[in-house]
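Think of it as A, B, C, D, E and F in the order they're written, each chain with its own count starting at 1.
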Amino acid sequence: MNKREKGWANIAEIAGEQGIVAMEGVQAVSPRLANLALEFGYGDIYDNDALDRKQRTLITLSSLITQGQFGHTLTFHFKAALRSGLTKEEILELITHCSGYVGFPKAMNALTVFDQTYKEWIEEQEYVK
Amino acid sequence: MNKREKGWANIAEIAGEQGIVAMEGVQAVSPRLANLALEFGYGDIYDNDALDRKQRTLITLSSLITQGQFGHTLTFHFKAALRSGLTKEEILELITHCSGYVGFPKAMNALTVFDQTYKEWIEEQEYVK
Amino acid sequence: MNKREKGWANIAEIAGEQGIVAMEGVQAVSPRLANLALEFGYGDIYDNDALDRKQRTLITLSSLITQGQFGHTLTFHFKAALRSGLTKEEILELITHCSGYVGFPKAMNALTVFDQTYKEWIEEQEYVK
Amino acid sequence: MNKREKGWANIAEIAGEQGIVAMEGVQAVSPRLANLALEFGYGDIYDNDALDRKQRTLITLSSLITQGQFGHTLTFHFKAALRSGLTKEEILELITHCSGYVGFPKAMNALTVFDQTYKEWIEEQEYVK
Amino acid sequence: MNKREKGWANIAEIAGEQGIVAMEGVQAVSPRLANLALEFGYGDIYDNDALDRKQRTLITLSSLITQGQFGHTLTFHFKAALRSGLTKEEILELITHCSGYVGFPKAMNALTVFDQTYKEWIEEQEYVK
Amino acid sequence: MNKREKGWANIAEIAGEQGIVAMEGVQAVSPRLANLALEFGYGDIYDNDALDRKQRTLITLSSLITQGQFGHTLTFHFKAALRSGLTKEEILELITHCSGYVGFPKAMNALTVFDQTYKEWIEEQEYVK
């Protein structure tokens, strides 16, 4: 399995169907950026056991909340977090923890996005059954 | 134990002697800000079991690296991370993981700070023995 | 009146009905984050006379514009600013002042949000009469 | 031609019809901010030959992507970039280059905005013919 | 008095001797950037009565703390703030207010810079007598 | 030549001796991060002709100034810019252009770093002769 194939395998495992669809969307606009994200992002970076999936998710979410990235990207990674096994309680606590480090406005915005995302996630899970 | 006392207890446990000294320094300039940081930051936020110390450290470090806070604050929290049981390998991997989410310049700067902090930490540990 | 009650009283005074509704929304998703925002944010921080309401509003708005927070949060604080007695002229000048410190793109985005918010505010005021 | 007139001439040349409409919109809300943007931004800054239009566009787009400004402002400057002669390939490569300096989330968001903007631009060009 | 002269007059009034020295330093490296800062920044922006000096200082400081600008720039504007009549207590409260909107790390860093700046300021005042 | 070798070749060409020394420094602390920066950053990203070296330098510098990265990283890339053929006048104009998009504080800080870096660069060039 070469690096790009590993990237596809990892994104499927980490983000599920939504991950594949999103990356195919990037590929349709810029195959070059998609391939770099697959090879470097999902291939190289995730291909290391010093941190596990849940730990990587905490790091990613904290970075996105700090950056003020509150659109599709945050929704995407909240779903990947739920998929990786983080519970609703853990994600709510991550947002609360962030409030002391980035202030209330970003924490409140993250909470709004999570509330909506969690409802979608529950619906999607029930649809699957 | 009231909230402020809990804050002092938590900062001592999380950040050790450096934590007490740093907070006393804040207190000397602004007792009000120090008390809020103790009661809200180290008292309220850390007083919850949904996430453990190591997880909180990953979130805090990711936020600081994303914010581009590369001075004393990052040194302080790298030491708290080592104290909380994060290994050198885990912290290096956290920095590597961040490179894909915040870009190489901030990751490289964080690495430089960590390299210096780790040397100080080792020296301090040996001094303690 | 304990700290949380003071927080509710302050948010009602600062942000009016919209403030209570917003905080109840936060409470429905994360009672913990809502309580921290009430006790620490609206309770502790606003419970001090070294700066008055109008001054605090200028500081808050400048921070939000600098952070690039241009969604509901900015709308919320523009309405709180109008409620605290800041005039349209003062808010427009705040945005202009910011242009030199954060650049035109963020200033222009803030202006767009304010223009819309001010129209809503006028309508709401007339509805009240 | 005074500085403000030069600003109007430059914005027309750089951003075309959309530029004039946008600046008239700013003027309707804050004549003062519009005049400063025209005189300082489009008058003074662009009135210098040390860098050409295409180079200025690369600098502006990189700054907006780094700031995380992914709304109307980025759309506006992507259209100005296409107008200044930057090709689709050059803009896609600019976004890819940024991925290493600001991380994948901002690069991916910029790509989404560009994809939509480019489609609008093509339609507008065909409408003009 | 033309716009540039007004800029010099305003910077002298706002920031005193340090302001003139700083701007002469900019001028020695880039006369163009210095002139734009004088004409647009200190000339145009400050030449308006909708907000007074103390209010502008609160806005500027909040923006710098939010941006994480903790070097010479913050020192410079803390001194300008003290010169404009903001008291030590008001500036400490501004930093505390910011803690809820930008998080503790930036507030703590601002406090450290202010503590040092205030000591320098007191010494400079005594030297003047 | 594999991707890592291409990375070494590119960093040598782009940043010269300082580039090799800097990357060896990263390698000594984290071989993994160094290899990713070489393979992805200097290997993949720079291995594309849609933008030339000078254009990439403008994009990189604009991003760093916008991020507020004013330490070694900015010095490093200012030297790489001079090496890539950007003139002093072009870099000063880039900083001036940025002032309208990120505000004066970051532009002024970048100017201070450039002034110092340019002096070092001239000395280094004379030493080489």
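Here is the rule we use: a contact is a pair of C-beta atoms (placed from the backbone, for glycine too) under 8 Å apart; a residue touches a chain by one contact, two chains touch by 3 or more.
Being a predicted model, the structure only gives us computed values, none of them experimental.
In summary, the chains found to touch both chain B and chain F are A, C, D, E. Of the two chain pairs examined here, C-D and D-F, it is D-F that is joined by more C-beta pairs in contact.
The distance from the centre of chain A to the centre of chain F, each centre being the mean of the chain's C-alpha atoms, comes to 31 Å.
Mean C-alpha position of chain B lies 40 Å from that of chain D. Chain B has residues 32, 36, 40-41, 45, 48, 63-64, 67-68, 92-93, 96, 99-105 in contact with two or more other chains. Residues of chain B touching chain E in their complex: 26, 29-30, 32-33, 36-37, 41, 63-64, 67-69, 71-73.
Put simply, chain A touches chain F in their complex at residues 32, 36, 39-40, 44-45, 48. Chain E contributes residues 40-41, 45, 48, 50-51, 55-56, 58-67, 89-90, 92-94, 96-102 to its touches with chain C in the complex.
The part of chain E that touches chain A in the complex is made up of residues 99-105. For chain E in complex with chain B, the touching residues are 68, 70, 92-93, 95-96, 99, 103-109, 111-112, 114-115.
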